[in-house]
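Structures for review follow.
What follows is chain A paired twice: with chain B in the first complex and chain C in the second.
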Partner chain A sequence: MATQPVTVPAPVRRSWALTPRSVVSICLSTSFVLIYVLGMVGGIMRANQAAVVHLPLDTFYSLLTLHGTGMIALVTLAMAAGLWYAVHDILDLRPRVLMVGFALFCLGIVLVLVATLVGGFAAGWTFLYPLPFVNTTWPAWATLAFLLGVLAVGLGFSIYCMDILTAVVGRYGGLLRGLGLDALIPALGRPGQEVAPPPVIAATMVGIDGAIGTLAGAVILIALLAHYVNPAFPIDALWAKNVTYFFGHIIANLDIYLAAGTIYAYLPTYAGREWKTNGVLALSWVGSLVFVLTAYGHHLYMDFVQPPALQFLGESTSYLASVPPAVVTIFGAVLLVYRSGIRWHVGSVLLYAGLVGWAVGGTAAELDASIPFNFVLHNTLWVVAHFHTYLLGGAFLFAIAFASHFAGEREAMSGWARAGLWLLLGGITLFLASFYVSGLEGVPRREAIQPAPGPVLSLYATAAVAVLLAGLTLVLLDVWHRARRSRAFPEEAA
Partner chain B sequence: MIKERPSGVDAEATVGPSWVADAALGIAFAAALAYAVLSPFAGEAPSVALHHLAHGAIMVVAGAVGIRIARRVPPTAGDGQDAHPGGSRPLVLAVLAEAAAIALMAFDAGSWLDRHPALHLAMHLTLMALTFAAAVWGERYRRGAGTLVTAMMAAMAAIAATGFGAG
Partner chain C sequence: MVPLGARQDLVLVLFATMVTAIGAVFVWVALTARGRLEYQAVRPHGYFLRSWWFGVLLALCAFGFVVSLASLPYPAEANPTRAPALQVRVKGVQWAWLLSTDRVPAGRLIEFEVTATDVNHGFGIYSPHGVLLGQVQAMPGYVNHLFFRFPHPGVYLIRCMEYCGAEHPYMLMPLTVYQAS
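Let's turn to the complex of A and B:
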């Protein structure tokens, strides 16, 4: 079955060697440890908004910047490793390239940590021009460190994307076939060659959008760096906002599309059914490829100088963007599982829960992307609610699901894991509920001190974060424990 | 922005006699070089957008030349995956060259280049050299990768044309 990766047996009892398993393990462990820490940072921010703790204002905003930048980079890292593992056999990807990407991510994250924690950089993860430069509460070098850090992460992701794309061209002789379009248009096919399986289609889409997105990121970052060196270097603020959100929107969205590719690869192994490429699936991914590039415009609804055509494009494609995943991936997954006698384990539970998070978060995003609603919800905690629903309640759960599968799920689910899942999912639900209600009540996002009823809702949320983190601890320990066991018997894993 | 090509694998077979393609590429290269050398001294710069697009055009030509040459040279042990399993260096170098080209654009703002035509000329030649090198490295990593890297250079110029250095 083409969608099931074959495990490459790792050499046992040797010192660390560069194998697919070892590189993916190091990407996953690094990202989980840091995500855990940044989750605690999130809890501290909620406690501050509840006025339980009192951080200096500039500290709050640099923690906010660190949390946003770090989380996006780390979930990307974990999911990129997951999808890489799902397709590395089919595409003949080599661990060294993933390792180079990982090293650049680490360099970038260290620079962001230094910029925010030591330097106090606090312009937000979107580093919107001219915020990094005017009325700063931090020294100029912190801006430099932050911009270079984001650049390093972008470079790492760019190498990852180019590697996948070139491998797709090598294996399938073209990107259109990598997108599985020969399932739709048979004339495109090559005699004797199978249509690309769903995880490869997802990888191709991510590769194309990721390559273009990181390119835009590099262009805006170089412009900002040039402005840093020479303040006379001109930057048009509207242009900067367009390019910055083009980049940021793509990267944050790709987390979920990276995850979709891993769902294609691993959900079938639980359900015991195959997930095959067909014309509709291929078409849906072409749709996603285009809409992820064009939907960023919904970040600029409040910019009256933005050309109306771009506003129209942003709103219409934001709607269209929801169709392919909803119709093909989420319904497809439900059908795959329905009456399959699926085997429930940490991996399958979280894959399923993640699909729910994706669907709910996507719906909440659609609401906010509708201009009449946006008048009310713009820059409220509703925004934060919707993207945490599909990033924390979606992409991140997919990442743990993959890690659990990767660690090996031979034995039945342990009681600890079961308890951990309840706490984790319950905690996430309560945590998100607080953001949603605050948003409806008009509580603004990105404020250390909130108007009522923000503080009381933040208090509930702080408690929910504690529950969430307790559950996360149990689940991650369970995964880690199983991973250690399967290291002795690598053939048991996956 | 990334266009499907009939794939590097059978490109040669479909172009007809390869000297026709070589000649066409040679003419394009001569034209690009002429633009690169002469335009900095032509006075009045075009609009920022056109200027970036012109850079994109000369880079694409340089990349095409790189691809064509790389495909004629047999791979050596130091090359990418096909010849040397696990080698990642050509890919990393190609992406770094791409990044260097973007970084170079930082000089491309306002009237600075107009006042320093010699540096402008040097910049044009460096952009072409970087694209040429990136395409060769790409092609050495995996067949077809040079095309992708060159397409990325063109995309970079297109993104820059939306307003880099204007404002």
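Let's turn to the complex of A and C:
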């Protein structure tokens, strides 16, 4: 550089083209800005539970509904964009389709924002029938806006999944090969064709389960819309609960499986080792594919009228669901890092920390998925603790890791980023600890005003949220700064 | 702080143990990550370890499943002898509990027949010390049967465990458990 003659740098290109990089950038930026805001909403809810601020009850529950629905949609958006980027070359995916999915997510999120903040809709992100319709504190149109919003997000995700599945079939000539099963059963292979790499396997699994999950989502949403139009349209509460949780469980769970795809794609670049498909890996993904669909039953353990067969299916497959990630993906990731001389940067630190969140959140989930424990943990803050561990302390960290990698990590990690990581991870740990202890102490979830010792623990949590957000600010600014640099000097980007 | 219930205590011990183990592995691998070894040299050992880990985890799953069957809260398991129990009808409405009685004897098997008229509620039983002892859902159109034995006399608290609208946090009701003669 120094020996070259000084030239005036060409002006940065301002026009916006629909390239893989630009579409993924816009998905990530939108998602991070809104997650940041909804994280602040989470902090306000904790402050209310600590009796530091005093929101009207209906406001609290509108914010809770907004936070839950929005966060699930936004983490899905960020991770979907990450995995899309990891496989778009191999599968020849079109940025335009991702853009359509993104537009539907945006439409859905705007509808949810309007429904909750303007309309005051507050039936929770699970909108469990018949709550959205009975003695509501909000006008009927807010229910309609919310249901249409969730429908739009579901449609966006469904298009994303169908696009991936179509591309997998085009590239590998079948979904079984997309799942890498020719590594297990050589007879399945096609001569001269390589086995699908791990990120493609993850994408195929997410595509299949996502298509099934969003279909279930469409069924319940259309039933609710029919009931909205004609209140005489009959809905059975137990049926509605089964379908709602089948849908909700799949979508929330898939966030982490989307993330697994990005781990396969990017952890090896830090560790300097390859992660290849083999029979065990392929088999483990078939396991996950099945267990994600059947494990939802653990949401209905406390419905004693639910057929026992479904209860036992729920419990056994909830246990088994831990096996593929624990034995193949998380174990494999740790093995990949073991004495690899890994390069620590924002991306690799967060991938590694996210694996811890996944493992710990999974452990907490397994305890709660045990029927005798669920008897005293169901609908306590323990539940909220476990899913925040793997969504906030797992999937969301994977999303930032991806963004950091995507932004380019050529220069050494900055001191600000380092400080930000400590604050972020420390804040998350304290924040989660408060939920766990509250849960064991019997504090129910979704209480604007909590019984003791909820308020004291909420106070600690509120402080932890401040630390967490401070760290998040530093980390995101660091990523953003690097992203701008690599846009000005694209040749430097990773 | 509220004292931990027996089941909560067990959850805490199991969770703390597992989190410590997970943390130890991750910290150790991170701390030793610098010394570089060829993956070819590491992988065979890793895969050997993995097959053991697979076996252990599968055994844990099977063990957990079998053990859990021994203390299910469902009617057939909670009242295996089908002994007659004192029946209490429970109805959840926005936002109150309607019980056929608010006084029950300690030490006897009580059968709560739990339902709801408007939306889903959750029937949670808290000890006089504030420990959550158990729960069952209250769903419109269905009756859930909860067999429960109150260990000691005292004033217990019924608390709604399922979000049921704005006043959900206030859906409480005391239940007096008296010493049976």
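To be clear about the criterion, the second predicted complex is superposed on the first by the 480 of 494 C-alpha atoms of A that agree within 3 Å, B and C clash if a C-alpha of one lies under 4 Å from a C-alpha of the other, contacts with A are read in each partner's own complex, and residues count from 1 in each chain.
Definition applied: a residue touches a chain if its C-beta (ideal position, glycine included) is under 8 Å from a C-beta of that chain, and two chains touch if they have at least 3 such contacts.
As the structure is a prediction and not an experimental result, all values here were calculated from the model.
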{"item": "Which superposed partner A:L215 touches (first chain B, second chain C, both, neither)", "value": "first"}
{"item": "Touched partner set for A:A326, first chain B, second chain C, both or neither", "value": "second"}
{"item": "Chain B versus chain C as contact partner of A:I449, first or second or both or neither", "value": "second"}
{"item": "Partner chain(s) touched by A:F375 [first = chain B, second = chain C, both, neither]", "value": "second"}
{"item": "First (chain B), second (chain C), both or neither touched by A:D236", "value": "both"}
{"item": "Touching partner for A:R418 - first (chain B), second (chain C), both, neither", "value": "neither"}
{"item": "Chain B or chain C, by number of chain A residues touched", "value": "C"}
{"item": "Touched partner set for A:H481, first chain B, second chain C, both or neither", "value": "neither"}
{"item": "Chain B versus chain C as contact partner of A:G173, first or second or both or neither", "value": "first"}
{"item": "Interface residues of chain A shared between complexes with chain B and chain C", "value": "236-237"}
{"item": "Contact set on chain B toward chain A in their complex", "value": "1-2, 4-10, 81, 85-88, 91-92, 94-96, 98-99, 102-103, 105-106, 109-110, 138, 141-145, 147-149, 152, 155-156, 159-160, 162-167"}
{"item": "Sites on chain A touched by chain B in the complex", "value": "18, 92, 94-97, 99-100, 155, 158-159, 162-163, 165-167, 169-170, 173-176, 208, 211-212, 215-216, 218-219, 222-223, 225-226, 229, 232-237, 239, 242-243"}
{"item": "Chain C - residues contacting chain A, complex", "value": "1-2, 4-5, 7-8, 10-12, 14-15, 18-19, 22-23, 25-26, 29-30, 32-37, 39, 42-43, 46, 50, 53-54, 57-58, 61, 64-65, 68, 71-75, 94, 118-120, 122, 124, 126, 130-137, 139-146, 159-170"}
{"item": "Chain A residues within the chain C interface of the complex", "value": "57-58, 61, 122, 124, 128, 130-131, 134-137, 236-238, 241, 273-274, 302-305, 308, 311, 315-316, 319-320, 322-323, 326-327, 331-332, 334-342, 352, 355-356, 359-360, 363-364, 366-367, 370-373, 375-380, 382, 436, 440-442, 444-453"}
